[in-house]
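Encoded as structure tokens, here's the structure I'll be asking about.
Going in written order, the chains are labelled A, B, C and D, and every chain counts its residues from 1.
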């Protein structure tokens, strides 16, 4: 679950990490009073979840409370990169000398946390990493004893820091690592980490992603509908299903991420276009009723393709849910299915006898038929 | 640093460990109002650092606030086992069905934390451990990932628990372990861990020892003079010296615990009696001035024996302090010394020329001379 | 022979009394798995399909010498269950749970490496040595999908494995051992670690790698083949060419990946190392036959 | 030969620029120790007695191949310094600091065992292979205390070691290696672990154990001798017969100790195992001569 900048900064504040003075506002009036409180030039930052706000015009400067109110008024309620701006963060404008980069994330190859820090931060950091990887300093962290002070210092020395700056940056890293651990984050990123002209480090931005599967124990975070790009995605998430809207016309329901992706690949291979990604394997196979209901609710869908080859996802249980959905929702579009795996005999009985669904013997034939039907419609 | 029961229970309360309702009182009037608040039969528990309070008469029961006031009045200000009772803990009287034992300490052999739990608690637990060691259940803990729930459960099953009781006790253990870790404890002991007649677990006593060398980072605990049995012990501790008063007449100053103990052993071997244990080696050798001053302040001391064979404790630095103390304090008792180790040449010069102290060539001859002088006095 | 698991491996089922645990214990027993004990805290003394149940793993290990464990507990308790197994000396743990917190997965991998044990998962369908034993959710009784043969199979995804394996059998071949690594970001065991085992397994003559978009496991495999550390024929099927782009992991994700992780990049690396690439599951059988010259 | 440390061991000094670090670096160099580098964060680029100083241990290890480290940092930073050394691959760490928190000491021991490294201390005077090299605070230049010879010495206390060693030299003998375990409750290395090294050291013909009241290290040594895992002659001096009773560690301390830990108990256990017992330091020399029949 991605946090908004202002939410991430609240975690930073609790962790003792320096952030700019400021607060979040939902109205232009609030923006005015926060700017007045700050009493100097401020930044008005649109709170959306996607990156690239600055280039898209979502960040404005204001030299007076009146101006802050005006800028906030312009931004609030607007759409920025498909998202509606519901809040703006009003912060003191920093006296920026340098823009650095600092993050904690998971190094999949090592299977442990990874510190990355660079004196070259800002929007171009990825390009810098590609062209001059030596400018990104990394430390692999042992999850059991965590980031050690010597590692934080070592990273600071590797950046060429000296004197007090070493321990200041090291201390900031140690605090940020604690945020990463405490909140089950998969990413804690500060970009830019600003060095002010007085030489202070300040986290000018905050990108925090809480790992979805840890939300059950991170109870202060609730992944509400505003965090999803599509209403169906949110609804699917309520049933533990991964749904992503795509721009084709073949509605897809599959078990397992691998088979789902392969089904999309095969649709493309045979010249069709998938309308969505939807995976309902694993622990959520019992929600096949809702899976079909969500796919059918998409008006772009001209044909539904169901591919399962379940292991834990028992074909009989899946088919029970599908049969019920077909009986109740009476779909107007054709359904093509290959249902295999644990319990496939019972599945065949349920679907063929109860709702008259003819099953295809394998994935490829089902895909080919779905593409044919979608093209014919 | 040993904590008083009421201090230990405050840590338990913060850690979510069930403790009896109650508070600490410094006056009989406070005792009255706490007992009135509790509104049922209470226990009045003398707050001293030594064990065996109950047998010594330091724990009383009271069935009314008036009685609680009377009992508190009797206890406060009295001496109990060499300690003055300055506070009493007023607590609800528990409806005790069983008395169990639970502790976390350090297993020196394994070098890690150790959980010990038994259904046979109370004052006889040591005897039970000796006679029926199988009634003490233990779990060795990995310091990096800490007590795991499965270990806590395993211990509970080993005690023969069933159903909810397993997870209740396991949860209490996990919380208590957190107290052990969070406060740098060398011991966290609950004896008795009471099982009430309703089947609830309640920590009826709390023995917590914070490791002295961790007090620098456990800033809420300050080891004041009330924690020492002797004023000289407290004064010595202020200079980082370990001083223990003994009942002989030979004042002892040595470097290193090993040489100090050997010197005491040799004094005894040659028929003398040491007046104290005092070690000023290691990082505190620069405090030899204060070491001598403290030993000399003991009126029982008839002769002072100084044995050093320093490594990090440089003989020259030690001798500088000793010479200064002799010059300023002009001791009336004879001083016998063997000063060896790093810097011994300079040491000899300082002590022989500046304060006319004749040095003995080794520990044994110095001890023999000190015993002779002590006997002759 | 086989890797990690044979018909003689003494197996423990953690969470045996739950619905899934009970259901799949039956299937595992039917597949020949030597299940010696089950564990569910508080259910000690019961039996499930004739298998004795204990309160703790240590007890089950002491009484029955269990060597491997398959873990059917919910994600929130997965770390504790795996630690309990590893603490008791179990050297192979199959962690099926889907939804294990990332930080728990990191701790699981750290402890298993520290102790020299193998953890498959989280979020794995399990593993099977065909004709001998099965741990987890593999429908080895489907004779048109699983048959004893010379092909080792390793995959990140479960249901796709069934699809690919059905094409292996359709080609007249069969499998030695199938290993599911699990689909989570930090699996307990990585692809190359399993390849090392297949390399020295006499029953395995060729390897099928079922990979997917993202991560760098397939690239590591290519490197291993290129270094000559894996010498048997390899057929790969990599899925996810038309997958929607994953959640963007800030800049950090991109910096770590450094442009790696695409299906195309993985295929090129593997091809360059000498592996054969199937563009559809149906091609896997044909390529295997070529590779094994049968 | 010797154990753990020879004249060829490449040594790093952590905290080299502090007062103690600088003072003792001189003495260690004079004793022949091959000090290749020093580390003090923020002082990289300086020199101390001709030894180059770096900001990090890793840098010093990479540039000079340091194998052992002697740590002169204050107790509050000891854990970090030892972890830094172990992380960089150092296999012998001498931790001199007196006053290290108990929980830090537990973590240090846990990590050193996990990595198969040896940490001496905290609160150790160090160690020396006589005539070759010295790490820490051992006054090896006192020729009436330290002389090359066939006697291995291991102790929990520093200044008592000097006393005992002077009697070894007075008896016409000398030492191979002296190892100080350190006087804290959780030492990084235990007595029996050092005995294992002395057992296989050809330069050591007999062992002097300088023990003390409390703990169970001497009892473990007796058990080791009794099992035949240590076969060389052993002379023990155990101090603390008239020591004041230590702080009472609740009931837990007594339960763990189970009556062990007294000087008398230790002496009896060691005697029963076949070791010789000196009742005063002055007797050590005589007993050694008997043991070595010289």
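Before moving on, here are some points about what is shown:
By our rule, a contact is a pair of C-beta atoms (placed from the backbone, for glycine too) under 8 Å apart; a residue touches a chain by one contact, two chains touch by 3 or more.
Just so we're clear, the structure is a prediction, and the values are computed from it rather than from any experiment.
Common neighbours of subunit C and subunit D under the contact definition above: A, B. In terms of their C-alpha centroids, the spacing between subunit A and subunit B amounts to 54 Å. Here the CA centre of subunit A is 27 Å from the CA centre of subunit C. Looking at subunit B, one finds that residues 144-145 touch two or more other chains. For subunit D, residues that reach two or more other chains under the stated contact definition are 107, 111. If you sketch which chains touch which, the pattern fits none of the simple shapes: not an open path, not a single ring, not a star, and not all-to-all.
Applying the touch definition to all chain combinations yields A-B, A-C, A-D, B-C, B-D.
Residues 145, 148-151, 153-154, 157, 162-163, 166 of subunit B are the ones touching subunit C in the complex. Contact residues of subunit A toward subunit C in the complex are 2, 51, 101, 103, 105-109, 111-114, 116, 125-126, 129-130, 133, 136, 142-144, 181, 184, 186-187, 189, 191, 207, 209, 211, 213-214, 216-217, 244, 246, 254-259, 261-262, 264-269, 274, 277, 281-283, 308-313, 340-342, 344, 362-364. Of all residues in subunit B, only 144-145 touch subunit A in the complex they form. By the touch rule above, subunit C contacts subunit B in their complex via residues 41-42, 44, 55-58, 77, 80-81, 83-84, 87, 107, 111. Chain contact summary for the complex, subunit C toward subunit A: residues 20, 24, 27, 75-76, 96, 98-103, 105-107, 109-111, 113, 123, 125-126, 136-139, 142, 155-163, 166, 183, 185-187, 190, 210, 212-213, 215-216, 220, 239-244, 247-256, 258-259, 279-282.
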